[in-house]
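Chains here go by letter, A, B, C, D, E, F, G and H, matching the order in which they are written, and residues are numbered from 1 within each.
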């Protein structure tokens, strides 16, 4: 925001006001304390230097940083500052973890299901996000309802996973079927996969909101991150009460 | 239309112009010849005398008359003129058949499936319509995808029926699942059952239009008649080539 | 469905096929086994005798029965069959529990928040549903964002509850604010409260789907039951790993 | 999906589990058995190697392979693996048939009608799909309702075809007119042809769903494949009962 | 508006300011001079006394008064003041004409077509409005596209009328067909007749806006008055240049 | 909320927590301090006793109370508690003011314009609200753009008022025209007056949001209160800097 | 359509069947006889050779040819075949007229008004179309309602033109104002000019459909051709009765 | 508009008719007199020479010129004519002020808040517009409701600013929270920031229209200019009454 006029700033001490003011962004350094996970960077609409700058600020104050919807250019800018950051290309995420972070607790696991091959980027965004919470992830892709035996072949996973994330485009029917088979929380992610009357994911979104499967909850179209975050919070709650 | 000004009428001989002009309606007496089934009366928005008048005109010129969306009052008016007419109350239909009409050919059968109890009026409208074409009908109700075993229990019907009509509200996922299990035409009927983001059947309609089940075709929301008519045409084609 | 033609029934033994066929409904008697909670009756569009009949069937085979969107007439029919059933009038629910059921585990608690007075029926539906899972429920009503201090006054609850259900109509902003303050799962329920461009809850639904609060999941408009069920599953998972 | 973490796979034997797991896709090798036609590849959103890989797997296990929405690049990748595959460029399809496949049964024929020149890609997709089922296809293009005599000039075809596929954009009125003239199944395909208030095919879709022509069924906007598949199923049923 | 606070009024002389201020309404007494037709009263949402009061004011200053969407109660109030006013019940209009008004010029004629019986109230509103301009009106009702011969039977009218008003609900295809047959202006009126995906006339409206018939113009859903007014203006122009 | 389970209450002293907890509502007693006007009661969806109870609580702590969307029943309940409360019937408001409140400052004035007679309830709601802030209000009703001279007759008011509230339904064009004539803030209120493609006020809302008149701001459909409140804040700001 | 399979053709003689079959198009050679104007070519989605081929066929059989939505490439192809064809670049039209065609009858005139500079391409398409009917055209551009004096400055034109075409984007208020000032037919053309909640012209379309100006008729968004064609038909009717 | 036919022009003297006719535009030279601010140029859809030409005309007759949605090319054209014009790049505005214009009255100030970094272009457009009215502007960016402490840190500004402009995308909740904290006018600007069910800013727009914060007014999506203009009018009113 080089050309913008200077903003009002009440106080320059981040520790006291709870955020670092970068001019174009106020990095929330209390988020981890309040929500249990540091602020996550939504890269869309930010320049590579902006992403790198926020990323570095968060890395300097925490154990893990996650950036979503990241382009290769944004990743290049981040890696220049933090060589250990890694790019989950299919998931379009950048992840950085402090050395010596505790290994995942794979006894608690999320299952990430996708109805079709085109849903993979969204499903992977969810899987990477759950991974950042330190839990196990099992992926089961291309198990749409047109061939139910592909889903039913994973019967043991349906019994053993602790939370389910189900991504689907088109008519979005997979979460309803999964919810009818399991006794764990099911988070549905509509994807924008489809054409014509799919209206960019609206058909799948409506299908999931109207699911006859009790207890299915839904996130925004293509919001793999949101589903992964919700699953992470659920598993963390389970871990905490363990 | 007692108070309306008189319409232009080109010719008073129904046989020559192909319709009987009742003033408020032009009864199409060539419909059976062109489409293989006489004109069907859509009762909504017509007065009981209007329905009875059109009904009687069609009965005087054909073997079968079907009226849909009929109220008890409309049925009473019809029965006064045609004592043999019968009211299919759940389906909201009035049916009249000439004595001596040929018995149904039950070797060709339509299966009518409904996802939930509230879908029954629509499913019954479809079933009654197929019945008017003279074919067999098998009903399988309350087999929504939240409990797939209820559907799978009818495996032999899924193999033996010749055409499938599948009515569902809410997310409308049942046709996709059925289409994945059978090798016959599947006609999907979205119903207005649901609330909130079902938008009066729109969610189910979009789900069915975006079905990942190949070859699913769709009719208007709550249009059980249309689905039954299409199934009747398909079975008649099959019977004709037999 | 007295007047409907008889349906195809593959087998009359409920234990073998997994459901009891009442003609107008196939009561799923395996639901508790698969999903951890018996089938819940959605009363809208069913006659009082139908509700009572399904209710009695479920009571004969389980420990708890829940019916939602119940009218006083439907409750009267149920109570005639099961005198111990109770009507949660504001929540529009009927609940029956077998004598000697285990007392709620109130160490695990859901907080149910509502933005305004008109959201109470939906919030109560959620609260009653969580209660049926046997967990504690804390209600905090009329804490909309126009007067944030009313919410912040419940700081200790915001820290201690294990899962949050947040019901709001109009612009539906409350879940975003709550999600920014807690580190537990937040389930948002849009309500149809509002007028004009609220479009029967669509504005609140969209607001919640686009929440900037990470990990907020959403259910259908006015679907308090769905939110309560999801919260119940989350708490049960936490209880199981305890 | 080279960079994605490995998925859960329950069993490596395709014959036993009913699908071949390619990592990014689970090729359904039972589809022909269940639905009478092998899995069809929807190319949109898949890379040329992915398309070629799925195509080759299906060719190794069946008599015919169909891929829709294929680009020239995807065709090039397929032809490198299967030199006999052919590109139906206007229809955007790739077709491969085993040598010695039975010749089409042209006694049963679908008529494919298009309202305007811009509807041709969709109409051709439908025509190619019907052809893959082995039946005859008659094309009648640019017969929109603004000049009815162009349609009426094909009177003998209107009497002789066994099923009708009618593609139209803009107001989508052609299926209603055709349905009023024939006694065979009519499948309507709305196309995205138009501008302004055509809303990418929505106007045509709504027109077709509300058709006053009895028994018209509808598929998704631009879904020529779906219409062709439905017509193929109908003709196959007719052939089977022949 | 008895209880409302008094409004600002700049001047009490209607002749000078061009309107009569009734408090709840400002009756435009220059409308006939500017637009060639006096202000028309839209009765919906007005009390019977309000309608009667505006009606009387207009009658005192002109040759003709037209009120649309009038209930029997509103008509009773008007007739009490003006015994010669007549109620066109089907059209829901009230009409009053000064004695000695010139007889209609029936050499110039509008044809009013309606697709179905339920479209009659809208079609009649259009017909009555054209009549108020003093021109001839020919009515042709129930000529929907499902039975084209009913329309084609009126070939001589299609050649002789000077302007066409075409009312249709459901898919609204009739104006396109009419426009393809005539060389005169065609005004399309979508009606709210239909159900499900007709969305209260939206499907018909979109169909007419996207008509492939050149030069079709469209008015609001159920706006028979608007179509009649436009036709009246067109005929008046023709009469003026005669 | 007699039957609901008791809510969590952090503290019983309203002065300390800033609200009075009535169980079904938390009356915000700091609103006047924060926003300059006490909490306003939106009566829709509240029972008469609930309205009366909140009304009395607010009256006991302030100088003025305003309730909107009030029915006669709700007013009766309020008047029983506060005999001085008055019912603005057309505006559907209840107003109570403490004796000895300062008289309005009529030097600062809002002009409230309405396009048609049916817009009066909304316009009056706005006018009553402005009045509660203590400023002058000028009403100018039935000045829609179809007869511009009716608006232009109020030229002196257009020059002298300090803020403009413009209510209109149908196409909502009046605010654009007004904004082109004045140099003061213009607040547009779309009303639900209209039919067909007015979609309950959406057409007017969109028209106002897209106004070519610079600086027009918009409130929700039928939200006369919101427009009046915004005008009141603007006038108060002007008064404060006076 | 080189690669498409050959279509059914009932008869090769254009004179007998009423159209010339070019394979990809059926050129309607009876259109002028039926509708008074030859078929108009909608260029969008057609290749330059296709446009040139249809254009040449129409030129060989008539006095005038009009093509709309033409690109420079399409014009180049047409000019290669018909050197006298001219490109109306701003209107995106191609026009060809036979030598010796009768000069325009400029006594009958259409006024084409546009609200803003960005509406010019649509307004010009309308103006060129009217010109093809042989009537006079007066253009009045950039007269939006934000500065009414710009419109009122053309008072004499408002009195003298015989039909009005009014193009506007954004809130589309101009037709209502014009209709309030004239006693001639007003055809409104919504344009896609605007952003945000203009939704590509929907706001303007709805505004025009709900116009409080009596008798305003509307065409599709950006459909300048349709408005011009309707105006041409109206003027031709006036000329014929002259 | 070089190729368009010449328009009707009633009079060539701008002073007399109140506008300068540039052919493609009628520059309103009375706007400042009527509305208190000269006509503002909306650059979208205009060529650089058109923008420069209108800009120069306005500069020759006034003290300030503002152009919005300007590209670098349009700025280059303007600067060639007016070297003192400056480009506010982030705001996409061009501003020119006559030498010796009075300095801003910074005692009256607007606060411009933005919820996220991506909302900055819209917020800056608002800020630049307010600046053109000559008042003070305070910017507070990236204070979305997910971290309320960032907003609350600016408590003194919330108390001291005279009017608030609040830009937000996604769920658009920030204006509701701000309105609950201040006693000054709040103008909400929805932005198109978001994805999926944000529908290009519709979710934020609906959220703001349904705000539970009393008196929030709303402008079109991304219409920073409109918000700034409204704020400028409000401050000018305050300054005038000072």
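The rule is simple: a contact is a pair of C-beta atoms (placed from the backbone, for glycine too) under 8 Å apart; a residue touches a chain by one contact, two chains touch by 3 or more.
It should be emphasised that the depicted structure is a prediction, and the values quoted were computed from it without experimental measurement.
Any chains in contact with both subunit G and subunit H?
Common contact partners of subunit G and subunit H, which must touch each of the two, are F.
So what's the Cα centroid distance for subunit A and subunit E, whole Å?
Here subunit A and subunit E have centroids separated by 57 Å.
Could you grab the centroid distance between subunit A and subunit F? Build each centroid from C-alpha atoms only and quote it in angstrom.
43
I'd like to verify one number: the distance from the centre of subunit B to the centre of subunit D, where each centre is the average of its C-alpha atoms, in whole angstrom.
It comes to 27 Å between the two C-alpha centres.
Got the subunit A residues that touch at least 2 other chains?
Residue numbers touching two or more other chains: 146-147, 179-181, 196-198, 202, 205, 209-210, 214, 220-221.
Considering every pair of chains, which are in touch?
A-B, A-C, A-D, A-H, B-C, B-D, B-E, C-F, C-H, D-E, D-G, E-F, E-G, F-G, F-H, G-H
For the complex, give me every residue of subunit A touching subunit D.
Residue list for subunit A touching subunit D: 88-90, 111, 117-118, 120, 124, 127, 137-143, 146-147, 149-150, 153-157, 193, 195-198.
Considering the complex alone, what residue numbers of subunit B touch subunit E?
1, 3-8, 10-11, 17-19, 24-26, 28, 30-31, 39, 44-46, 50, 190, 192, 200-202, 205, 220-223
Note which residues of subunit D are touching subunit B in the complex, please.
Its residues touching subunit B are 34-37, 40, 108, 162-163, 179-185, 187, 205, 209-210, 214-221, 225-227, 229-230, 232-234, 236-242.
Going by the contact rule set out above, which residues of subunit H touch subunit C in the complex?
Listed in rising order, the residues of subunit H that touch subunit C are 115-116, 144-148, 170-173, 176-177, 179-181, 194, 196-199, 202-204, 206-214.
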